[in-house]
Each structure stands twice: as C-alpha cells, then as structure tokens.
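In what follows, structures are represented as structure tokens.
Common to both upcoming complexes is chain A, partnered first by chain B, then by chain C.
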Partner chain A sequence: MSYTGSAPASSSLYWKGMESSGDPHPPILAGAQNAWDMLSDEQSQKHITTGSGDLNNILGGGIHCKEVTEIGGVPGVGKTQLGIQLAINVQIPVEYGGLGGKAVYIDTEGSFMVERVYQIAEGCISDILEHFPHSHDVRIVIIDSVTFHFRQDFDDLALRTRVLSGLSLKLMKIAKAFNLAVVLLNQVTTKFTEGSFQLTLALGDSWSHSCTNRLILYWNGNDRYAYLDKSPSLPVASAPYAVTGKGVRDAVSSNHKRVRVT
Partner chain B sequence: MSATRGRSGGGATTSGCGLKRRNAPQDQEDSKMMNQDQPSTEDWCGRFWNGMELLKDVTEKKHFLPTGLEGIDTLLGGGLRQGQLTEITGPSSSGKTQVCLHCASNIAAKQMGVVMYLDTSNSFSPSRVATIIYGISDLFGQRGFELQPKDARLKSVMRSIICESVFDIFALFEVLHQLEVSLLNDKVNNGGSKVCLLIIDSISSLLAPIIGGKYPQGRSMMISVAVILKKLADEHNLSVLVTNHMVSAGNGAVKPALGESWKAVPHVRLMLSRECQNNICTATVLKHTLMASGRTAKFAAPS
Partner chain C sequence: MRPPAPRPPAASSSSSYSQREPRPENPLLLLPSCRAAKLSLGCPLLDRLLSGGLPAASVTEIAGESASGKTQLCLQLALLAPQSPLSASALFLHSDLPFPLHRLRGLAPKSRPDILDHVLVAAAHSPTDLLSLLSRAQRLLANPGRSPHRLPIRLILLDSIATLFRADFDASPADLKRRSALFFQISAKLKELAYRHHCVVVVTNQVVDVVEGDAGNTVAWSSGRRVSPALGIAWANCVNTRLFLTREVDGASGIARRRMKVAFAPHLPERACEFVIRRDGVFGVEPAGEVGAPVLG
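Entry: the complex of A and B
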C-alpha cells in the first residue's frame, strides 16, 4: 500500500503560483479555499455579543458571522428581546469591540416594538458611554419569526418542505457571500414522540437541519436558560440569562463579571 | 467470468450529466455496419475486465481510508473504501458533521491525499479541524515532520483540506465537473497530491428542494448526481462520503430522506443517533457490500 505524498519541487507538476503563496497544491476548484486559509480568516472574525456574558461563552464569543443561527423557545421566553438586542449590539463601534455594522430586522408577526428598541438602545449606550458613529454594511439579518407564514394556509406539506429548504439554502448563501450573521427566530410546537407529547421547534424534521447553529431558550422555574443544541465546533451547554429593562444581560445569580464593552 | 466496466475511451469528453455516448458509429454508416461485422460491445461501452483483473484492482488500489473514530472504522470494516459511496444519515445534531470533520482531519494528518469538502450549511469549522488534528497522537511521528515547528506541521496538513460552499444543485454539478477535469489532468501529469476523499455535507439539503411535486426533473437530477459521484469514485479511486438527514415516516418514526430511489445509490449506509443525556452515539449499519447489516456500535461523542 502506498499513498502519494506532496509533490517535490522538481516534479513536472511544479506550479507557478507556488512561489507566491507557497501552497504546494495547485487550485483544484476556482472558488475553494484550503482549511489553513479558512482558519486564519476565522480567527480574525468578530462575534456579535448577546449582552449576557454566560450566553456569549456557550456561543463561543457571540453570534457568528457567515453562519445561520436558529433561536427557538416558548412564547414569552425572550426570543424577540434577544433579536432586538442583537440588532443593536451589531452596531457597537469597532473601537469598542463590536462590528460597527447595520442590522436588517424582518418582522413577520408584528412583535417589533419601537419603544422597546429605544429603551434597549439607551441601555446599550449608557453601558458604553459614547455616541454611535454612522455604520457601514449590513452585518446581521434577523427574521422574527420564520415560522409564522408557514404555519397557516400551507395545505401541501411537501411543498412547504421544499420551499423551506430552498429558503434555508438562500440564507446560507447570503450569510457566506456577504459575511453577515443570519438569525432565525422559531416557535415551538407539540410533537408526539415515544408515547408522549413533547415540545419541539416548529416546521418539522427537515427544517431542523437547515441551520448552522441552534439555540433553544427555555424556562427553568423562574429563570430563563439557553441551551446550545447544535453547533459544528462547540459542545452542547446551557447558560442562564435575564431580560432586564436595559435588554438582555447576565442572570442576577451569575458569577460572570458584568459584560463591559470597553 | 467477464464483467464490464465503463471507461472513457479515446476521444471521449467528460460526462456532464452522464449522457454522452462513447465511440458511437455515425448514422450514415449505421446501415452499412449492420450488414457487415457488428461493432463489438467493447466499442460501445469500454473494456471488459475479467474477474482476476477486477480482484487485483480492488486489492491493490481500492484501500480503506480510516475515519479516525474507532467504533465507526470497525463497523465499516476498516474505514471508507475508495471506489465506494458511503452515506451517513441521522437526526439533527447526531454527529454527522463531526464524523465528516474527523474523516477529513484524519486523512489529511496521515498524508494520504487531498480532501475535498463541499459544505452546504456553513458548518465546516477550521478551528474544530485544528483541534482534531492536534489530538491525533501519531501526527508528530510522521516522516518529515520532526524537523518542522508545530505550526508549520499544522499548516501543511490543513492545506490539503480544500473546502467549497455549494448552495444549489447546479453549483454542485459545476463543482463536480471541475473536479473531474482536474483529476483527469492529474492523471495525465502523473504526479502531485491527488484527491482521495470527497465529502458532501449535506447532499440532502441540495436535493430536497427539487424532489417531489410536479417537477419530474428533480429525481433525474438526483440520479445524475449519483451516477457522477460513483463514476468519479470508481475511475479515480476516490472515496465519497455524503450526509443525509431524516424525515418523519408516520407514527413518530423517522427514516432517511431522499426516498426510495436514493436508497439503492450508496454502497454503504450508516445511521447515527445520539442520546441527549449522556453524549453516547450509536452507529447502525443499514447497508454494506461485504458484511451483514444491522450491526451497531456505541462510542462516546467525539469531544
């Protein structure tokens, strides 16, 4: 058994580009990148903070750009609050550790309350003590909620599945092409599995594969918790968080230091 | 015993959708040829291989590429076989992407060749790959590695994993076509690192939007993709690994997606499941060419 190794410099396959980039492999595909270059790109990526240090920790620093993150939970647990908080936190200037970008908030249910947005924006500014300069590109797209229009009036479930999978591919493409984060808020529904009714995210089994990361928000007694259910690089973990007048912050009982963006 | 294997004869171009005819006689001469000696079957579909040649090809060239996950390697009889299409299916978050990342890292770390990773959900995580490579214990014992600093070793290993994002079926056809051209050129130049593993994570998200409904082309495109992948695997000694998701089968049960037509396509099918409480993965063999199906293995989820 023998395996071909890297081409020695004297072989007939010596490639002109090798001098500039040092890469011994000639490009096989036009648009592809090798894993080492992707690693360097990834390490220079900034994450969008959620406002809660514990939540940022389980997410690996915050919401990632170039990925589609799904956030689901029962009504009232704070999905829209988190969505609004992210729309504001993406605008934190680069000097303060943020992305300095714009947000696009797509509201399908009418739950976007402008007065609450003003409150949360004021809360964020008071923590940073500075005005926000004009931001440049869109860095986050939030859809609240992606389930709403698909739950009623869709008689043909197979058609719904096809439309949803087409939609998720388009969102993945936008996230990658424009280097922005896509956040999808999802409702819960009951499902009959293993002899009992359980709460699961809406839109069925095939939709559960259409995101890069999944965060499930739930109640544990009187406290709100977030559970990272799906991620390509992070382990599953839970973290508590709280929704205060100023927005999403660490839970009161948390040992984590107050998130101070300096 | 003779068996036929399709091979690109002289003058044939790349397959595209696998619909090109090779060495077909011209229409005008058709009637003439009918009256004279029949064209041999070899002119139509390539060379016949006899049983001994096939056995030699399989034992000498079609190796098993180990995934690096012991439980899965044992279930598969050594690893992913070159020349075969292996499918991993399972519910969401059961570890399919992790198995793909482990395979890619293991093959690259052992310098077996170049890995081509086609990603449809932006799940290829370079930092995760770096963590896995660091965890492979005999990496630093490889020849030629002792003299290099740690970072340079990681760099040369990661450079042999090539990742491209693919978001629709037509882009997939284009990428596979480019890959085929590149492999044919490599064959001609006879050197350099060759692609030995092609991973598509996940192929079901590309095929699901076009299958079903009143759009009959969807199924034929799925079969075209299957034919192209198997041809690439066979002719260029690639191992192809694809992931598939699961859909509901009624009464709360689940089954692999893509339907009955896809069931026959992969040579080997593996189903993963993960218990939430204790992080133990179970792998079940649904289909295998050499061993009995239905065997399972449990192993701790890769950390």
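Entry: the complex of A and C
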C-alpha cells in the first residue's frame, strides 16, 4: 500500500483561532501527533533483520524501531546470539536495505564474547556487504539480560515491580524519542502454578505487560524455534531458526510450515 | 500525586565494591586482549575444542556424573595456572570433603616444587559459607599487596556447586525459590570477581536423571542413563558456558569412551572431543579410526 503521505486538513488536531506567539497552528495537546502522521511514520520505518528470513516474517520484517521487544528462552537456545546478531545487523548500510545505525549492548551476565561478535560481523559482511560507510546514530539498544540483576537483591517484591516498571517506561520513552529499537533478553524460570511446575519468562506477571512485543525461543527436539507471543499488529506464529558459525540464519530444513506451540 | 521514583536498593548487600559508573567500550579495542586471556587446559585437542582454553571474565561450568573427571580437571587447571601466560594463583573452593591433596601432589610437576604455594584451598560447607568465602576473596583480590611472594589469583575453582545444595533444600516451591535466590547471589559474586579481576571461574556440577520431555542441549547419555546437569534451569541461567563430561560404553568393543561436550557457550559451536583420564591428567584424544568419524574443527 502506498500513498503520498500528506495529511488531509480535516484530520489535523489544529484548532482555528487558537493562535499564540509565532506558531500559526498550535496543537491542542503539546507533543501530540495526529494518527495520519503516525501511520506514515510507521510505513516508512525500517526493521532490523534478524538474519533469518522465517524469523523476520513472523516479526513483520524484523525488529521494529520505536518499540520494545522482549526475547526470552532457556539457557543456550540463542538469546545472546540473536542479541549480538541484531547489534551487527543494525549497522547494515542504508544502501543495502539496513538502518546504517550503531548499537549499544548492555551485558549484565558476562556472555558478550568479543571473538564471537567478530565472527558474526565477518559472517554478515561476507554474506551481504562490501564496505561500511561511516557516520551513524544509535538505532538499537540491547540489554543482555534484563533479568540477571533483578533476581538477586530484591526481597521486597513490590519494590522490584516498581523499579522494573520504571525501567520499562524509560526504555519505551527512549525508543520512541530517538526512533530506535530496544531489545531486552529475559531468562526462563519455573513457576509453581495450579499444582504443577511450568516454564515461564522471569520477572513476574506485571513485567509481561511492559514490552510491546515478545518473542519466545524454545527447543523442539533438537531444533530451535521462535514463537511470537505478543505483538500489537501481528498474529502469533512460530518459525524455525538456526545458530551457525556465521550467526543467526534460517534453519536448514526451512520449509515455511507454521508449527503450533502446544 | 504520583509517588516519588523508587531508589535502587543499596549495593552493599551483594558487593564490597563501591559502585562505579560503567564505561562504554568499543569491542574492536577489546579484541586482541580477549584472545590472549584464555587458560589452556594443557592439551592441544581440548584447547581446540574450547577455541584456546577457558575464557577469563566468564563462568564456565563443568558438569558430569561422579568419576567423570571433573575434580581431576580442576586440579590440573590449578597447577597449570601458575605456569601459563596467566601466571596466576588458583583459589580452590571445595564442598566435597576431604580435599584430594594427595592427587594434587601427584599431579604437580617434579621440576616445580614451589607450585603448591600458588594453590589456595578453602572448604565451603553451605551456601552461606560460600558467600562469605567469596566476600573474603573479593577483599583479597582488591588488596593484593599483602602477599608479594604469591602470584595474583586469577583462577577460581568451585568443586562442586551441587553438593552445597543437597542437604538443606527439599523440592517444595518455597525452598526452590530460596535456592534460586542463592544461585543468583553466588553467580553475581563469581561474575563480579571474574570481571573486575579478569579471572577464569570454573564451577563443577553433578548430574541428575531426566525423564522424557526435556530436550535441547542440556540432556545427554552417560553410562547408559539420560542425564542433565543438576540444579535446574535457575542455575543454568547463572553460568556463561556449560561443558558436559559424558561416558559411553561402546557396545561392540566394550571400551568406555569419554567425551567433553560443549552444551552451550556464547563463543563456541556445539561440538565434542573425546578424552581420557590418565594418572598425569586429563587429555583429549583423536577419535578412534572409524569410517566417517567426525573431524574436530
């Protein structure tokens, strides 16, 4: 769908007659934006590719800017690998369909291994690019993991919830204000509910409302899968992916069949 | 009226360090030093499996059933640290009693009689014991000037984490939660030591039997049993790298083959290497010449 993007006058929030110093069309609500402009922003937004076409498909093109995406999964399923892949892929130059941006990687667990980052960067370059241009802004912030520090010191669970929600509000503000993607890696824990132990993402129920999108990484036998659990605009769906020497890629047996999570 | 923003809790409960502002770093500048900061296992095949050896500033877990070689490996590493480019002393925290001193003496090279001076041994009897030992270690590493004759500690071994949690905890949800909280406190202290003082941290773990349903990279066959490292997902979240030592009896020849497998690691592919336990240590071996044997890459 394409359109010219100029807002029809009838949809503006401007109020004729309310003119003050200098600004001929002051908005009613400072900082508000009309929905038409928002739609045109959204359409022109780029996504950050994950490296796997199937994974990009269920995410609607990739990780979205201006949004907070949570990625959870058991240890070893590939959260850090995906985080590093995104930190590399955000740098793909605009001429190659990328954002040409920088990344901020916040490591709380000590899993950020520079030699692996180097491998993934080389894998990306050898697959797509020939050279990197310079001059970028930060377009993605990855926190690996947001969970680690919150699972130690907080005896007061109410305080933990308040700190977490303050954190998530700040991150959402940053995402919107600077038009960047925020990716939070989360751990999996076992919760005792209704008489049995179940696997669930850490940090509790109230945290699960804090992120715009949620992707859950899990094992199906010996294969890795990603499940889009929460999204404002996309249906829930699963996609297989693989972690190779070069980084995150499509699974070898990628056959585009949607697998339902039981 | 909105309540004032909450202040984060005081840092003193988990660390004796003052909080410093984290500085952003450019990974390219870290690349040459990270390649150098690996502790070799003393065997080129095992080193190849681990892309050079055990990384510093990281927690590596070695899991396996009893007599799979975990303690032997730890003793070997404690003796290698002073002789390696790390040029470090080792802090050996053990929860299994008694400490295998005669084995350590047996492994020590005759040419270096002073090498045992660089291995510090302490016993931990409970999780709280371990936490206070780690606090003391933080103070010790922060003030190295006191013992100028000994090399700085840059290897910390914990053998084993599982023994510490066997006694006081049952399987009730409340106890499991209490246990998890201790895992994260212990792991946070270990990671802090690892990061601030550029230490290699090794933790050994036992295995438990698993029933069907578990999949992925944390389940393996060993001695005819389907096993997984103990202490569950909560502890698995606390380590950066997990190595699995397994033992399989080859049906045809009746020979026991031992394998060191990378279960997960942020910088390593999932691969394995066969090894043997000899009197002089743990060493990797090339797989026996079978047709189609995988080549270690």
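Rule of thumb we're sticking to: the second predicted complex is superposed on the first by the 225 of 262 C-alpha atoms of A that agree within 3 Å, B and C clash if a C-alpha of one lies under 4 Å from a C-alpha of the other, contacts with A are read in each partner's own complex, and residues count from 1 in each chain.
Keep this in mind: a residue touches a chain if its C-beta (ideal position, glycine included) is under 8 Å from a C-beta of that chain, and two chains touch if they have at least 3 such contacts.
These numbers come from a predicted model, not from an experiment.
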Which superposed partner A:148 touches (first chain B, second chain C, both, neither): second
Contacts of A:220 with chain B and chain C, given as first, second, both or neither: second
Contacts of A:139 with chain B and chain C, given as first, second, both or neither: neither
Touched chain A residues, chain B compared with chain C: B
Contacts of A:46 with chain B and chain C, given as first, second, both or neither: neither
First (chain B), second (chain C), both or neither touched by A:162: both
Residues of chain A at both interfaces, chain B in one complex, chain C in the other: 159, 162-163, 166, 192
Residues of chain A touching chain C in the complex: 74-77, 80-81, 104, 109-118, 147-149, 151-154, 159, 162-163, 166, 187-190, 192, 199, 219-222, 245
Sites on chain A touched by chain B in the complex: 1, 3-7, 11-13, 23-26, 28-36, 38-39, 41-43, 66-68, 158-159, 161-163, 165-166, 168-170, 172-173, 175-176, 191-194, 204-206, 208-212, 214, 229-230, 232-233, 235-236
Chain A-touching residues of chain C, taken from the complex the two chains share: 5-6, 8-9, 13-14, 24, 27, 30-31, 34-35, 51, 55, 57-59, 173, 176, 180-181, 184-185, 188, 191, 194-195, 215-218, 232-234, 236-237, 239-240, 242, 263-264, 266-267, 269
Chain A contact footprint on chain B (complex, rising order): 63, 91-93, 97-98, 101, 104, 108, 110-114, 116-117, 120-130, 154-156, 158-165, 167-168, 175, 178-179, 182, 186, 189-196, 202, 204-206, 208-213, 245-248, 252, 254, 257, 276, 279, 303
